[in-house]
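Below are two complexes that have chain A in common, paired first with chain B and then with chain C.
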Partner chain A sequence: MKLPETIERTEAYLAERFPVEKMNYASMILKKEVPVHRLSWGYYMGGLALFFFLVQIATGVMLLFYYQPTVSDAHASVEYITEHVPAGALVRNIHAWASSLMIASVMVHLLSAFAMKAFGKPREITWITGVALLGITFAFGFTGYLLPWHQIAVNATKIGLQTIEEIGAYLPGQMATWPKAMKEIIQGEASVGQATLSRFFALHVIILPLSIAGILGIHLLSVQLHGMSQGVDEKPRRMEKFFPTYFLKDLSVWGVAFMVLFILGLCLPFDSLFAYPLFEPFNAKGSTPDGIKPEWYFFWVYYPLELLPFWVIMLGQTVLGVVMMATPWIFKNTNRRTLKVLAVAAGAYLVVMTVFGEKIYHLFKG
Partner chain B sequence: MRALYSPRCWKTTLLLAFLTTVGSVQAYPEFQQHIVKTTGRAVNCALCHANADGPEGTGPGQIGHLTAAEQAELGRARAAFEPGARPNSPILNAFGNHLINSLGKKKFLELRLAPAQLAEALPKDSDLDDDGISDARELPSGTHPFIKSDGDPWLLFQANFKRNFTQIALALAATVSGLWGLGHLLRGFAVATRLKDDEAEDPAH
Partner chain C sequence: MVDAFLFVGLPYIAIVTAVIGCVWRARTNRFSMSSRSSQFLEDRKLLWGSAPWHIGIIVVLLGHILAGVLPQVWSSILTVPGALIAIETVGVACALLAIVGLSALIYRRVTSARVQAVTTTTDLVVVALLLVQIVLGLLSAVHFRYGSAWSTGTVVPYFWGLVTFRPDMTYVADFPMLFKLHLVGAWFIILLLPFTRLMHLLAVPLQYLWRAPQLVIWNTTRRRQHAVAATIQADSRRAFLKGAAGVAGATGLMALGVSEKALNFFKGPHPDPEADSALLQKKLQRLQLTAEERSYELERQRNDMILVARYAELAENKGRYFIDYAMAPGLAFKGKDGLPLVISAKCTHLGCTVGSELDAQGRVMCPCHISYFDVQTGKPNDGAPAKLPLPQVGWALVDSTGKVVLSRKPGESMQGKVDAALLPQCSLYITKPGRGIA
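Right after this comes the complex of A and B.
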């Protein structure tokens, strides 16, 4: 194919995904309609993830005023925020709860969008940006986990970074050294230390937020341009106006989410879900304490990693990554019924591994 | 003989006496071991001690790190055999000192043989971290009586919900009112925009 032809085809492809004639207030807001059917709840999950993201920005900025990204002061500054800053404990706790709720809602959003076949033409870019947003959300969780610089944070990060290095053993030739180099770039020094904390901090508060803002912009623009996907095989019985009907319902869901988050932030310290010695400042001379594990949203890969050979998990992860990115083309002709079964199976796996992962691990490993 | 009673010699004797006592000082791991065994939670020396690695060593909160004044405090705390002596041992944290103050060193040492009874012996109304769960209830469940964010999640939730009920009710009222007002405002906008569109389509109307 000649270059002009390629450019022409690319232009046509992008023009179909981002139709300029629809980029106006009337098309994107006033005339937009949302289908009403039994899976309509799925349409609210993206908005919910957006709400939690906005909460993360607001609370994150507040925490930035007091947090010190140095190995000597990070833990003390977090303690200071929790114990001495007015409403500091509430803000920090809301930040912790909202991070988990954001990841949970992004996961449910992805599964419901898959079940509703919301990736079909011309929504491929919406889907791909959505998968990228999920990856960035996980990266937010991983980088944020280190910042309080307590026992669990540092040791869990060490294990996570070690896993990256281990991939090298399964790669051929020169490629075998790449994961180690990548780990060193992320880590910044021989072991997890000040350089790592500085890099994770920069990633968490600058690079990832900028990336997510850009990709989220494309994602939301795409959603508004093409509207909500039909979601079900049969024609929806009725449609409702996006503005103000659906928008107000979405705001009500945000209101409920806010209240849930506020009550959780006020009444249930996130730290109470872990044993307290893990929250002591990191002791470089001490041994790895018992009970170190990643955040719950990594359990679906962590426990299988503990049970199965490393290469099996790496292979599985690679296949999963490729399938997720290529979903609009792989499942192009799959009916929604099959997609729903696959989404439910994936959801069940996530729930089982998250809730019972530890029990399953002990069942097999004793 | 005269030299033996010189101030310098006294100091040396006191130091030797102190070091001899220090050598015999041990933490009492029976309680920690019992809690770990019954709850399965990772509990370390920081439950009662100022240093997570226990009292022996040269780190902050450990015997080898104490100043002369702190050593004197330690001596007084060690002699607190009966309850109510208000010891302020520098090697113990607030909960450790609270234990000795509530029980007395004598009773505390006796309980080493029956560590399960330690929680029962504690005053029921004491809640050092003010998290709504009494120390006597926190100890057997392996949560720290001096860390506010550590406790049985459900009990913490109940206690904090009761304590913050007014704030929750106010936040709920504000959220509902805000949404109600915003809803009316947005519906108003929608109606106004529709009227404007109708007018543009049919100016005569």
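Right after this comes the complex of A and C.
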């Protein structure tokens, strides 16, 4: 293919994904309509994830006022926030709950968008950026987990990073050393220490927020440009105006979510879901305490990792990653019924592994 | 005799007549129950008359009814300091409001030609009677102060006597004429209830508070369309206002709660000096711990040998943690032969720190993924997640004079020898990989 032709085709491709003539208030806000049908609830999930993200920014900035990212002070400052700062426990607890709720709504958003075939032409970019946002959200969770610098945080991070090194054993020749090098770049020193904490802090509060903001911008722009995907096969009987009708409904869902979050934050400390000694400051000289595990949203990969050979999981993860990035093309001609079955199966797997993962693990490992 | 008629006979006549008459009128002429409206004919003055009159009289009447029906509740309210003054003030103010309103209504009724066209004689009687009655009440309130308090012991028992068919007029017999007239006026008003527009008391349009607005129009097509449009607009305005009020209220409450928390959060704690110094102390301890760890690092960079423990501190079934040259944890045991046993404690699977307790088979366990390592060889058990053995760590035994008596490099054989009796005076060191032993 000749170069001018390639350029022309790329241009045409992008013009279809980002139609400039639609980039105005009238067609992005005023004319946008939302279909009303059985699966309409799925349209709320992205907004909900966005809401929790906004809460994370607000509470995160608040925590920044007191948190100190050094090995000696990190745990003490978190303790100070929880025990001494007025409403500090509430703010930190909301930050913890909202992170979990954000990931939960992102997961549901992914599955419902998949089931509704919301990735079809011209929405490929929306889907790809969405997958990237999911990855960043998980990275937020992983980096944030280390910051309190307690036993479970440091030990879980150690294990998580060590997993990267494990990949080396399955790579040929010179490549075998790459994962280790990568781990050390992330870790910053021989063991998880001050350098790791500084790097994770920078990732968690600067790099990831900036990248999520950029990608989220593209994601939301695409959503507003192309409107809501129809979501079901038959033509929906009724359409709702996005502004103000649907927008107000979205806001009321946010209001309810905020109330739930606030009540959770007030009444149920997130830390109470773990055994206490895990929240002692990290002790470099002691043995690793029992019950070190990642956050619940990693269970779907953590428990299989415990049960199955490492290479199986790595292969599975790679396949999953490729399939997710290539979903718009792989499932181009799949009908919505099949997609729904796949989404329900994936959802069932996630729920079972998250809720019963530990039981399943004990079933096989005794 | 006159008193007996006015305060026992008249009340019963009035009540019986009112009850029978109202029931009869409600059943035979239902649509006459509400007061005939003249708003259609004149609505400017009506507003300034009707609104103050009704507001004033409703408040005053509710006060009378509450005191009469629930005297004990009423008395208990009055015991609150200032309540008596407040109630009297409100009562007098409302009576004045009612008088002003009623006067405006009378003026309107006798000056507007249109309103006169629909005015009956009974209307005029009623309105005059009401004015007299409320003026009498106001005068009583001003002349005989604190009626809201003294009435509970006089008028209320009299009223209850009538209701329970044990009329006792002694309660009211000695009242001044002014107040007696007020009482008689009340019975007259009740007597007139079924025969006049006063019956609209029993047709309070409470549903007006939440029903959609209705427009009364001349029924022509153009006006009808106009009215429909107006109704739709009013409806949507009502819905919008209701929604906006709800949203504004909720947002306001939320903002109030959130900003209270946020403000205090940024203001920060102000611990008392004792708590403050406790905090500072804790912080210093953590800093010292960190400094200690950092000094280990320096020590490992500079020294070829590092003290792990005195020999006497070693145990056979419980290892002693130390930090090796790679800043990773290690474990030191006393072997069965009495010589030290020094291995890395960093699990070869995912880098957790293995436990220090030996089990019956002489193994330590990694708690993360349950691998058992034999401390003699460092080898993991079969089927463990860890595949590689825990590496041995080079060590040296130094006697009390500072001389190395025994040492071992990983993978090499033991160098030197030591008398078992001298062992307790020795200390265990680890040696830097790649360096000779001094």
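Quick note on the criterion: the second predicted complex is superposed on the first by the 366 of 366 C-alpha atoms of A that agree within 3 Å, B and C clash if a C-alpha of one lies under 4 Å from a C-alpha of the other, contacts with A are read in each partner's own complex, and residues count from 1 in each chain.
The rule is short, and it goes like this: contacts are C-beta pairs under 8 Å (C-beta built on N, C-alpha and C of every residue); 3 or more make two chains touch, one makes a residue touch a chain.
Note that the structure is predicted; figures quoted are calculated from it, not measured.
Overlay on chain A: chain B and chain C clash in the combined arrangement.
Once the two complexes are overlaid on the shared chain, A:P244 sits against chain B while remaining clear of chain C.
In the superposition on chain A, A:I263 contacts chain B only, with no contact to chain C.
In the overlay built on the shared chain, the residue A:D290 is in contact with chain B and with chain C.
Contact with chain C, but none with chain B, is seen for A:H84 once the two complexes are overlaid on the shared chain.
In the superposition on chain A, no contact is made by A:A345 with either chain B or chain C.
In the superposed pair of complexes, A:L30 makes contact with chain B only, with no contact to chain C. Contacts of A:G255 after superposition: both chain B and chain C are touched. In the superposition on chain A, contact is made by A:L278 with chain B only, not with chain C. The clashing stretch of chain B relative to chain C, chosen from 27-35, 45-53, 81-89 or 171-179, is 171-179 in the chain A superposition. Residues 255, 258, 262, 286, 289-290 of chain A contact both chain B in one complex and chain C in the other. The touching residues of chain A, counted against chain C in their complex, run 62, 65-66, 70-73, 75-76, 80, 84-88, 90-91, 155, 158-159, 162-163, 166, 190-191, 193, 255, 258, 262, 281, 284-290, 292, 306, 365. Put simply, chain A touches chain B in their complex at residues 30, 82, 89, 241, 243-244, 247-248, 251-252, 255, 258-259, 262-263, 266-273, 275-280, 283, 286, 289-291. Of all residues in chain C, only 250, 254, 257, 261-262, 264-269, 271, 275, 279, 282-283, 286-287, 289-290, 293, 321-323, 326-329, 345, 349-356, 366-370, 385 touch chain A in the complex they form. Those residues of chain B lying in contact with chain A across their complex are 41-44, 46, 52-53, 142-144, 147-153, 156-157, 160-161, 164, 167-168, 171-172, 175-176, 178-179, 182-183, 186-187, 189-190, 193, 197.
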